[in-house]
Amino acid sequence: MTMQTLVDGLVLGGLFSLSAVGFSLLFGVLGVVNLSHGAFVLIGGYAAYTLHEKLGLDPLLALPVIMLGMFCLGYAFQRSVIQWATKRASLLASMLLTYGFALMIRNALVLIYSPDFKSVTPAYAFDSLSFGEVTVGLTRVAALLVSIVLLAALAATLRYSSIGRTIRATAQQEQAAALCGVNIRHVFALTSGLSAAFAGAAGVAIGLVMPFSPPDETLWTVNAFVVVTLGGIGSPAGALVGGLILGVVNTMTAQLIGAAFPNAMMFLLLVLMLVVRPAGLLGNSFKGSR
Amino acid sequence: MKLDRRTVLKSMGAAVALPAIGRGAQAQATETIVIGGSVPLSGRAAETGLNVNNGYLAAQKFFNEQLNGVEIDGKRYKIDVRLFDDASDPARASTLIQRHLDDGVQFFLGSFGSNIVLPTAAIVERAGKPMMQTGGASDQIYTQGYKNIFCMFPRASRQLYNTIEYFKVLQPAPKSIMFAMANDAFSKTLAEGAIAFGKEKGLPINDIVTLPENITDASSLVNQIRSKKPDVLLATTHDQNSLLIARQLISSNVDVPLLYLSLGPQLKSFRDALGGYSEGLYFQQFWDERSPYKDAFFGSAQKFADYYRQHFKRDIAYHTASGAACIVAYVHAMKAANSLDPAKVRDKLATLDVESLYGRIKFTPEGDGDPVHLGSTVGQVLKGTAEVVFPEASRTAAPVFPAPKWAEKRRG
Amino acid sequence: MKLFVSGRSAWVSIAITLAGALLFALLPAFLSPYGVRVGQLFVLAAGLAVAWTVLGGFSGYWSFGNAAFVGTGAFVAALIELALPGWSPAGAFTVALLAAMLLNGLLALVIAWPILRLRGIYFAIAMLGVSQVCYELVSNIDALRGALGVNLIDIVPKDVRPERFYYWALLLAATAIILIAICVRHSKLGYGLLAIREDEDTARMLGVPTAPYKISAFVISAMLTAMMGVIYAHNLGYITANSVFRNEFNLNVIVYSLLGGMGTIIGPIVGAGVMTYVTQVLLGDLLDIHMFITGLLLAILVLAAPNGLYGIYDTYRLRLKRQKREAGR
Amino acid sequence: MSADVILAVRGVSKSFRGLKAVRDVSFEVPRGAICSLIGPNGAGKSTFFNLVTGYFRPDSGTILFEGRDIAGASPVDVAHLGVARAFQIAKPFPGMSVTENVRIGALFGRAGPRDVEAVTQSAMQLAGLAELHDREARELTVGQLRRLEVARALAARPSLLLADEPCAGLNPTETAEMVAILRRARDAGATVVLVEHDMPAVMEISDTVLVLEAGALIAQGAPQAIARDPRVIAAYLGTEE
C-alpha cells in the first residue's frame, strides 16, 4: 500500500513538475512572477480539448502544435505587455498585471467554453498498467513520461544550445550580455515563449489525466509557486525535484493524516521552506541564492 | 442578457409606482412583475449558477411569449426577471440585492451556495419580501426562523433519505458502506445528514473520508477503497471531482458494487466522458424530464424540457427545472392570493401544494422543500441514460445491483 | 518622548480624518440603503487597504496574504461567540473582537520573526502561503467549522437599520485604522519604516532597528485587518471559510494602494473609493464580463499609471513647484 | 591604547570565496583627525568601510571603536555607538524633503528626542542645505545630494564619520564646498575617515593618508610624504614587470 502511495505521488508529481517549469524559468530569468501561468496551463488544456473534439486529434499528437502556438503567445506577451510593465513599474507591480491577465483569460474561457468542466478522454483513458501490487492509470503514466521527456529536453536546450547559453548568460549578467551584443528583449521574449510553451504542454498532460474548468487556473498557479519554492528557481531539475516532492507529500499526507489535508501540508511546507531556504533545495540556478 | 440600468429603473417604475398612482391613464401599457435576484455566473459555482439562471429565464420567456404574461386580479402582467452576477461574493450579493430592494423589487430569486444565500436571505427577510431559491440547501438557512425564504430542495441533511431507504432494501444487503464527502458546506451537510439517518436505520456505515473541496488526485480514496472493499461508496462531491474519482477508480481497476456519486452522472457530459463505463453508476436524481408531473402552465415536465431545448443551447439540468419551478411557484401563489402584495404572496407560498414541472411543490414550515415530495430519488445510469430506480412509485427502470465490474464494461 | 516627529502635519492629518469621518457618518441620512451598502464596501475596502499600508506601503513589504488575518479574525470571533452562549450580544461581541485582534497579533508575532527576514517577492510568496495555510486549516479541521460555516450573533440594536449600523461600525473601525496609520507615519516608527522601504541596508546603517520595526508594523497591520474582518463577518451573519479567506482580500488591498498611491495614507482610500465605485456600481449590471473588465482595468492601471493617481498628482505638483521657484527668481 | 585614538584596527582580514579583499590591516585613527583612505579600484576600501559599519564580519582581527571591539556587531548597534556613514552613491529617500531626510538621521542617531529638530537644523546648516530645506530629494543635483548624504550622516551626531568618495563627480567649486563641509564637521567634533580618489582634495584636507593595495596597507603618513612614497607611486602607476 505504501508502495502504491509512493508511485501515485511520483506520478502526480510529474504533472506538478511540468506545470511549474515554465513559471520557474520566467521567475529565474526575468524575475517576473507570472500569476497568469495557471491560465496559460488551462489554455493548453482547452486547446487539447478542442483539437480532440473537433479534429479527433490525440492529445499526445497535438502536443507539439499546442506548444508551438503557446510559444508564440508567450513571446508576444513578453514583448507587448510584461516588458512595458517591468520597465515602467516594479516587478511587484508586474505581479498585479499578470493577475489582471489571469482574470481576463479565465473570463474569456468561461465565455468560450462555458463554466462546465471539460475532459479529454481518448480510448486509452481508462486503461492501466500493473507492476505487481502497484496499478497506475495509463494516462497518468503517459503524462509522467511526457513530463520527464520535456523537462530533459528543456534542460538539454538550456545547457547545450546557443539559445540556452544566451538565456543563461542573460539571466546571470544582464548588462554584460547586452554589452556583448545580445538582444536582451529578444532573449527575454524567447524565455517567456518557452515558459508558455511548457505551460501549454502541462495543460495537455493535465487534460489527459483529469477534468478541468476555468477556475482551476488559480490552482495551477499556486502549485507552481509551491513547486518552485521547494525545488529551486529557474531550472528544470529544480522543478522536477520540487514537483516530485510535492506529489509524494500530497499522496502521503492524504494516506497518513487524512484526505482533506494535502493542501494544508503543501502550504505549510511552502512557508517552512521559504523560511529555511528561500531559494529552494537546488537554489536559484541563475542568480545565486540569497 | 446584459441589463441596462436605465431600463431596469424604468420598468421598476412601471411595476412599483403605477399601481399606486392612477391606473387608468396607462391601462393599455403592459405592466410587469419584477422579480430580482443574483446568480453566480463567474467563479467556482458558475456552472450550476448558469443552470439556475437559465431556468429562471426559460420560465420568464415562456410566460411572456407563450402565455402573453400572467393574469392576476383581472390584469395581465409580463414577468421581468432581473439578475446580476454576484461572482460568489457574499458582500457583492448583499449590496446588489439591496439595490433591487431600493428599486422597489417585491419578489426575489435566490443565488447558489449557502454562504451567498444566507446573507442575502437575511436582507430580504428583514424587508418582508419573499425569496424563492434553489441554491441554498444548507441546514443553517432553515434554523434562523425566517418566514419568507423558500427553497425547492429539502435542507441538505434530509436530501438523501430516499437513498438511505434504498440502501436498506438492497439485496444482498451491503456489509459495509463508505462515505466520501467534499469539504464544503453543502456536500458535508448532505453526507452528515445521510450518515445520521443511515446509522439510525442500522446501516453498516464503516468509513467516512473527507476530501478537499477541489481535488487533483483521488488516489488516496482509491487506495482506501482497494483495501477496505466497501459494498457501497457514496460520494457527495461536485461533478468535476466525481468524474476524477470515477476515472481513477476505472483506470486503477478498483470495483465497488454500488458506486454512488451524488453529483455528476445526471449530466450528459459526464456520461459521455466516461462512455460505457458510466453504466450502472448511481446518483442523486432530483428530476427527470420523463417524470409524470403535470404542470398548469408548461403542461408537463417533458414539455418544459422540449420548450427549453428549443430556446436554449445549454444542456438541461435539474437546476434548470427547479429554477423554472421557482417562477411557477410564484405565479401559483400570486394567482391564489389574487394580489401582488408580497405579504399575501408569501402566505400563499407557505401553504402552496401544487404539482409542477418539477414535482409537487410543498414547503416545510421552515421554508425548505418537503422531503417526500421535493426530495431526491435514486438514479442510475442504465444503457447510457439516467433512470430513476427508487422509490418504486417513480421508477423508470429497475435497478441493477451489483453493477457490472469495470473489466466487464471494458470488454464492451 | 514626543508622540510625533513632524507634529504639525500629523495634527492636520488627524483633524482632516476626523472631519472626513464625521462627514461620512452623516451620509446615510442622504443615501438609499443601497447607497449605504456600497458605502460599507468602500469603508471596508479603505480600512483594509490602510491597515495593509502600515506594513506594505510604509516599509515596502508587500503582503500578498492579508486575507489570512481577515479570515482568522472572523473565525476566532465566531468561535468565541459560540463558546459564550449566555452572554449579551454586546458583551460577547466585545470579547470576541478583542480576542480576535489579540490572537491575530500573536499569530503575526509568531510568523513575523521567520517571515520578515525574507525580502521582496519572497515575502510576498510566503504571505500568500500563510493565507492558504490558514484557509486550509480552518476549512479542514472540523472544530473550526470553516466548511460547514458558522453563524455570528446579531449585534444590531433593535431600532437601527442593519445596513446603517454596519456602515457606522465599519466607518468607526476604518477611522481608527486611519488615525493609527497617521500616528505610525508621523512617529519615529513611521520614519524608520520609510527608511526601510527606501533602502533597508542604509536604514540599518543609519541606526534604524529594522527587525523590531518591521515586526511592530506587521503586528499592527494584522490586528487592524482582523478588526475589519470581525465586523465584516458580523455584517454577513453567516460565514464559511470561502466567505472570508477570499483571494480578493489578498490582492485588492494592493490594487487600491497602487491605484491611489503607494506609501501614502490617502492613496489607498482614494483607490478603494474608485475601485468600489467601478466594480460595484458601474460594473454591477454586467453579467458575464465584469471579471474581464476588472482584469483589464488592472492591466491598464499598472501599464499606464504605475505610480497611481497620487503619482499623477505628484508629478503635476512638482512641476508647479518648480515653475513657481523659477518665476520667483 | 591612548584615549585620543578613536578607531584602532588590528590585524583585520576578510576574504570572499577565497579572494582576499582585506589582508591583515592595522592602523589607528586619532580623535579629531581627518584621515583619507586611498588606493586603486578594488583595493578593499569599500570592504573596509563595510567591516567597520558592521555590514560584514571580519574573518580575523579586531576593530576597536572608542576602546570597544565592534568587529561583527550589527550595523544598527554600530550606528548607535556613534559611527555614521555617507555613501558614495547617495541613497537619500527620494520622496521626502531635505529636512525629512536629515531628520531620519537625527531620529535614529544619538540626539535626545527633544533635540531632534535642533540637530536636524544644525546639520543642514553645516552642510549648506538650509536654503533647500523644503526641496524634495529627487529634485536635487548630484552635488546637493552628496551634501544631503553627509548632512544625514552628521545628524546622527557621530563621533566617527565614514565618507565614501564624497567628492566623486563633483565640479571644482562643489569639491571645495565639500572639503569645507568636512572640515566644519571635524570642527563640530566628528573624526572623519574618507575614501577618496580626488587627490588634490585628499592632499588639501587630510591629516593622515592610508594607502591600500590589493587588500593590504602599503603606506601611511602625512599627505606630502605619501605623495613621494615609491610604493604608492608604483601601486597607482603599476610596476614595470
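The letters A, B, C and D name the chains in turn, as written, and every chain counts its residues from 1.
Keep this in mind: a contact is a pair of C-beta atoms (placed from the backbone, for glycine too) under 8 Å apart; a residue touches a chain by one contact, two chains touch by 3 or more.
Given the structure is predicted, the values throughout are model-derived calculations rather than measurements.
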### Query
When you check each chain against chain B and chain C, which touch both of them?
A
#### Entry: chain D reached from chain A - shortest hop count over touching chains
2
#### Entry: Most centrally placed chain - per-chain CA mean versus overall CA mean
C
### Task
State the chain with the largest centre-to-centre distance from chain C, centres being mean CA positions.
D
### Query
Any idea how many Å lie between the Cα centroids of chain B and chain D?
76
### Query
What whole-number Å value describes the gap between the mean CA coordinates of chain C and chain D?
42
### Task
Would you kindly tell me how far, in whole Å, the mean C-alpha position of chain B lies from that of chain A?
37
### Mean-CA-position distance for chain C and chain A (Å)
33
### Task
For chain C, write out the residues touching at least two other chains, lowest number first.
136, 139-140, 288, 291
### Query
If you look at chain A, which of its residues touch at least two other chains?
106-107, 110, 258, 260, 263
#### Entry: Interface hub residues of chain B, defined as touching at least two other chains
41-42, 183, 210, 212
### Query
Touch graph across the chains, line, ring, star, complete or other?
other
### Message
Once the touch criterion is applied, which pairs of chains come out as touching?
### Response
A-B, A-C, B-C, C-D
### Footprint of chain C on chain A - complex, ascending
31, 33, 81, 84-85, 88-97, 99-104, 106-108, 110-111, 218, 222, 225-226, 229, 258, 260-261, 263-264, 267-268, 270-271, 274-275, 278, 290
### Summary
Touching chain B in the complex, chain A uses residues 1, 4-5, 8, 12, 15, 106-107, 110, 114-117, 119, 121, 125-128, 130, 135-140, 210-216, 219, 250-251, 254-255, 258-260, 262-263
### Query
Once bound in the complex, which stretches of chain D touch chain C?
53, 55, 74-76, 78-80, 84-85, 87, 91, 93-96, 100, 103-105, 107-109, 113-114, 116, 136, 139, 152-153, 156
### Task
In the complex, go through chain C and note every residue touching chain D.
1-2, 5-6, 188, 191-192, 194-195, 198-199, 201-202, 204-210, 263, 318, 322
### Message
Applying the document's contact rule, which stretches of chain B touch chain A when the two form their complex?
### Response
41-44, 46-47, 49-50, 180, 183, 209-212, 214, 216-217, 219-221, 223-224, 226-227, 239-240, 243-244, 247-248, 250-253, 269, 273-275, 277, 314, 406, 410
